[in-house]
Amino acid sequence: MGKGRVEAFTDGVVAIIITIMVLELKVPHGEDFSALLPLWPVFSSYVLSFIFVGIYWNNLHNMFHAVQRVDGRVLWANLHLLFWLSLMPVSTAFMGENHFAPAPVAIYGIDLTLCAAAYWVLATQLHRLHAEDTAFAKALGDDRKGKFSLLLCVVGVLLSFVSPWLGLACYVAVAAIWLVPDRRFENQLE
Amino acid sequence: MGKGRVEAFTDGVVAIIITIMVLELKVPHGEDFSALLPLWPVFSSYVLSFIFVGIYWNNLHNMFHAVQRVDGRVLWANLHLLFWLSLMPVSTAFMGENHFAPAPVAIYGIDLTLCAAAYWVLATQLHRLHAEDTAFAKALGDDRKGKFSLLLCVVGVLLSFVSPWLGLACYVAVAAIWLVPDRRFENQLE
Amino acid sequence: MGKGRVEAFTDGVVAIIITIMVLELKVPHGEDFSALLPLWPVFSSYVLSFIFVGIYWNNLHNMFHAVQRVDGRVLWANLHLLFWLSLMPVSTAFMGENHFAPAPVAIYGIDLTLCAAAYWVLATQLHRLHAEDTAFAKALGDDRKGKFSLLLCVVGVLLSFVSPWLGLACYVAVAAIWLVPDRRFENQLE
Amino acid sequence: MGKGRVEAFTDGVVAIIITIMVLELKVPHGEDFSALLPLWPVFSSYVLSFIFVGIYWNNLHNMFHAVQRVDGRVLWANLHLLFWLSLMPVSTAFMGENHFAPAPVAIYGIDLTLCAAAYWVLATQLHRLHAEDTAFAKALGDDRKGKFSLLLCVVGVLLSFVSPWLGLACYVAVAAIWLVPDRRFENQLE
């Protein structure tokens, strides 16, 4: 089964998710610059989520680039990841509209955690189809980075109840470690 | 006429349908976990519909993979299927917002039935273009699974008036028999 | 300049237009079948517009299939067509929500007319790049069907002021003559 | 790393941005032509933004056509551009709904400026990967047009506080100089 259409469908869904998030940025009322001020929590949530969805697109891009085969279980593991990503617009708006209150920050982190877990499931399903000496398996390795960021998301969720800002700091840290481009797949392919 | 752009357009529309459904998941009011509780009927309807649209994408993916030719009538049979799929966000929200009342559950099932019927029409139109000894025709066979799930949708609609939960059970059963990956097309292509 | 990305972009925009139209179909209030009754004008407007956008997709599909070259002016002629198509969700909802009152039916027809005119401009720009003996030029011919349907749209707009149902009858007639698959491009390519 | 999927993803996001902008064009209340009159500021903002997003699509289309290599930094420079483009629907609606008041016109211009700056960053990142004698580097040249339009956007923002119409005149001028097709990349490729 070809990977081309899975890539195309995934790109399509991710492109739509990253774009419809902006629909939760309601047009401000008022015609002064001060009308923009109350938007800052929703806007900064949007920035954070835009970066996260961008990271997922980048990682999926790199991972599928190294992939040689997909099967039915991979398709569903991929749809499962897209499901949790599709909730990003709602969890982002929930966090932004409630000005980073503890429960919404925790919910946002739970969504991030489930995305990370679904990504791990997808990687595992792809690993099943690729022998240890393939570029894919070598590039993935033991995926310490993926496991560490999953852990950091869970810590962020728990810390949200101590202080939502600590939770957010964890999420930002996860984003930061992925923004540094992941060269594993690139290196293997060279 | 090439099948490539029909696949691309179909993937695009299905990707948009599966993603804009989330726009009906309104951001909850309140900043506690309890604010999420009233969302459960809309959320679980979303999960069910996400799975159904995912199944259609999977099946269309497999079917078009085996297809060699398309013509104008296939294009319209495909658009006809996309039409009923495009109503999924509305019928899903109607069912969820009314907490699985009988009529909305029946309406949802009618939409599912029309999708299944439209899929059958599309398969028939493609069958017309492919001789009995092609991979497509062999893989489709007499399509018992398609006919059975169409019947199960109709039964679900009728049972909704006895109890909406019986209707929902039928729809979940339809989803379950398709979640088991359909290996007909994969087997033929090997 | 390659036509591939123009096709892909056009397919993307048309896929989004045809799908976001459904967002104007507001989820009905109430949990009975009677809650669906007030939806009929919006729903039937949606059906008509879905068919029209489907026709444009089909026609663009066939036309670009025969095309060999595009240039900057073609890109803008194409964007110009997409602009008027992008107004279909608004003009459709305006017509449906006002229960086919004369002015909204005329506005809807004006949008259809501008789409048809923009399609004609696009065909003319493509004609400029293709000599008379190319498959494209032969398939397009003198485009009587395009000119006739443009005329029929204008007549529909004018008749809307006599009776909106006469206007609608013209629009339905335009859709009907295009639903019969346009075999010009297919024949030339065989 | 292949440029194909970056192009496809970019096309997808730009196609969605250009199309969801129309969702800010609310369906007018009333069934007379006079109901359309209050729409003119939102409608003309929509027209201007449609042209700008169309220009970006065109320019990205031409630029990526000449590109031979992309890397992780290019992906993020591209996402950064898509971020500011994704705010176009909101800044457009903010300007239109406030009938071209000074602050919203300035905000709109700031978004345009940031898009132009992000485009310049993307071009710089691509330049880094392409030697001076490649078609890409020759076509880009010293990019006077890009720098001039960036300057014109900044001037427009400042003039908005004198008179919003002067600001708008600058933005329209920027659009006008890009509507004339940019033949640099086309010429180099011939």
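Descriptive notes on the structure:
We just call them A, B, C and D in the order they show up, numbering each chain from 1.
Heads up, the rule we're going with is that a contact is a pair of C-beta atoms (placed from the backbone, for glycine too) under 8 Å apart; a residue touches a chain by one contact, two chains touch by 3 or more.
Everything numeric here is computed off the predicted structure, so don't read it as measured data.
In the CA-based superposition of chain A onto chain B, the rotation angle is 90 degrees, rounded to steps of 5.
Taking shared numbers over all numbers used, the chain A to chain D interface scores under half, which places it in the different class. With each centre defined as the average position of its C-alpha atoms, the distance from chain C to chain D rounds to 26 Å.
Rounded to whole angstrom, the centroid-to-centroid distance between chain A and chain C, based on C-alpha atoms, equals 37 Å. In chain A, the residues that touch at least two other chains are 8, 12, 16, 20, 23.
Pairs of chains meeting the touch criterion: A-B, A-D, B-C, C-D. Residue ranges on chain A touching chain B, taken from their complex, read 1-2, 5, 8-9, 12-13, 16-17, 20, 23-24, 71-73, 75-76, 79, 82-83, 86-87, 89-90, 93-94, 97-98, 101-104, 107.
Interface of chain C with chain B (complex): residues 7-8, 11-12, 14-16, 18-20, 22-23, 25, 27-28, 30-33, 35-36, 47, 50, 54, 57-58, 61, 65, 179, 181-183, 186, 189.
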